[in-house]
Amino acid sequence: MLMGRVVGTVVSTRKDEELVGLKFLLVKQIDCNLVESEKFVVAADAVGAGMGEVVLYASGSSARQTTATNNRPVDATIMAIVDSFDIMGQNRYSKFDEDRSGRFDPVAD
Amino acid sequence: MLMGRVVGTVVSTRKDEELVGLKFLLVKQIDCNLVESEKFVVAADAVGAGMGEVVLYASGSSARQTTATNNRPVDATIMAIVDSFDIMGQNRYSKFDEDRSGRFDPVAD
Amino acid sequence: MLMGRVVGTVVSTRKDEELVGLKFLLVKQIDCNLVESEKFVVAADAVGAGMGEVVLYASGSSARQTTATNNRPVDATIMAIVDSFDIMGQNRYSKFDEDRSGRFDPVAD
Amino acid sequence: MLMGRVVGTVVSTRKDEELVGLKFLLVKQIDCNLVESEKFVVAADAVGAGMGEVVLYASGSSARQTTATNNRPVDATIMAIVDSFDIMGQNRYSKFDEDRSGRFDPVAD
Amino acid sequence: MLMGRVVGTVVSTRKDEELVGLKFLLVKQIDCNLVESEKFVVAADAVGAGMGEVVLYASGSSARQTTATNNRPVDATIMAIVDSFDIMGQNRYSKFDEDRSGRFDPVAD
């Protein structure tokens, strides 16, 4: 899986019928320092992710292994919201701290 | 999924029999600012996409999950036409506006 | 799918038994201006492609969806020969013209 | 498969129900000289890998072929811990030597 | 498939039980001029490839279509040893010539 930050939403009315009911989110890949790369993906949302949240997304056929995406033509799915991650025992990200501090400012993006 | 703009068509008469009846479109990947990258893909069309439209396409085995592409040897399929997308609450693309304004000029490409 | 030009052949006698009878071709990926990239792939041939021809090839599990490649350990298959393609209504490639003019010179490669 | 070094852990409580019980590790891809690249992946752990260990991880649908990950929405799984590897007969890595010498220092990363 | 040269071996005792009995080889991707790239992969060996040999390897789910790798968590498998390949009718590699001349010197790598 890769880590990314949810930065947007995609709206589509004309689509394959298997996609009806799925929510599509724009996700920017992030590295271990939370720096957003230029790479982004449109992912189906299986966990109710919100704008600005750091998430895990699965790609390829693995993106179809959630109840929400089973047998649907999606190749990227958000399947977890990241609470925190550590590198060599040191905390690099805490959702709790970020939410409280407002450190991540969606408008400034 | 990735976002792209439909920029062309590919014609083939000598092909695997499983491909008969499918339409192949040339799609250029676009970023969040609608800038077309050099990367392009030939995608099967499952939704009747038109020239110049911004679309979502699925890759790999997920490209075979539409009725149009089931069990066929295609690894990229357009499965949705994008109406609009937002980044952090700000609209970055609106098909309605683009269609009305003629902002996207196919000939100038 | 990606577009490529057939530039070579690969011969192998010691191989997995599932591969017996398949023809392997060297394909160089091309862009919309027919410029060959450095990227190449060895693809199984499902349509009888010839040297110098512009083809479509499918990758991953989709490469196994042709009659010739079903259940075989191949991850790239030529499943169509390109007759022509257009970008925004303008013809960029025509197999008929190329064949007649001899514009594509295999020896010069 | 690719080789990587386990450098961190990811914690998530809100996730697809198929993921409950899986441990997610941050893995940095390494080259043949053990140099860590900037590329990293979040992989499910099928073998009880520890911090700092050099591992093999499988991607895509192959990541779901272990007992621990079967039918789960994961696209990367650590399926082996590397004891040693040789390049042209010369040892380039030995877990035994590294463990004994403390050459790999997690804190310094 | 991609072409590569076998340059090393990987030893692992702690691994998923589905991997027992498989041999893992380090393969460096090569281009049409036999130049090794920096990219390498650890591939399961389905054909008894030897050190220094030029091989074809399949990636993704296709890597699991050999008898040796069926249902196992491997995403790259050597499924053929290359005897020779031609580019536009000109021979670029011949295993017979290389073996005889000793042109490829494993030790010098």
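A, B, C, D and E label the chains in the order they appear, each numbered from 1.
Methods note: contacts are C-beta pairs under 8 Å (C-beta built on N, C-alpha and C of every residue); 3 or more make two chains touch, one makes a residue touch a chain.
Quick caveat: nothing in here was measured; it's all calculated off a predicted structure.
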Same or different contact residues where chain C meets its copy chain B, judged by the half mark: different
Superposing rotation of chain C relative to chain D, computed on C-alpha atoms, to nearest 5°: 145
Whole-Å gap between the CA centroids of chain A and chain C: 36
Chain D-chain E separation of Cα centroids, rounded to whole Å: 22
Residues of chain A whose C-beta touches two or more other chains: 60-61, 63-64
Chain contact graph, described as a line, ring, star, complete graph or other shape: ring
Ring walk, chain A to chain B and onward: A, B, C, E, D
For the chain E and chain D complex, residues of the former touching the latter: 7-19, 24, 26, 38, 40-43, 51-52, 60-61, 63-64, 71-76, 106-107, 109
Of all residues in chain D, those that touch chain E in their complex: 1-3, 31-32, 46-48, 56, 58-67, 69, 77, 79-89, 92
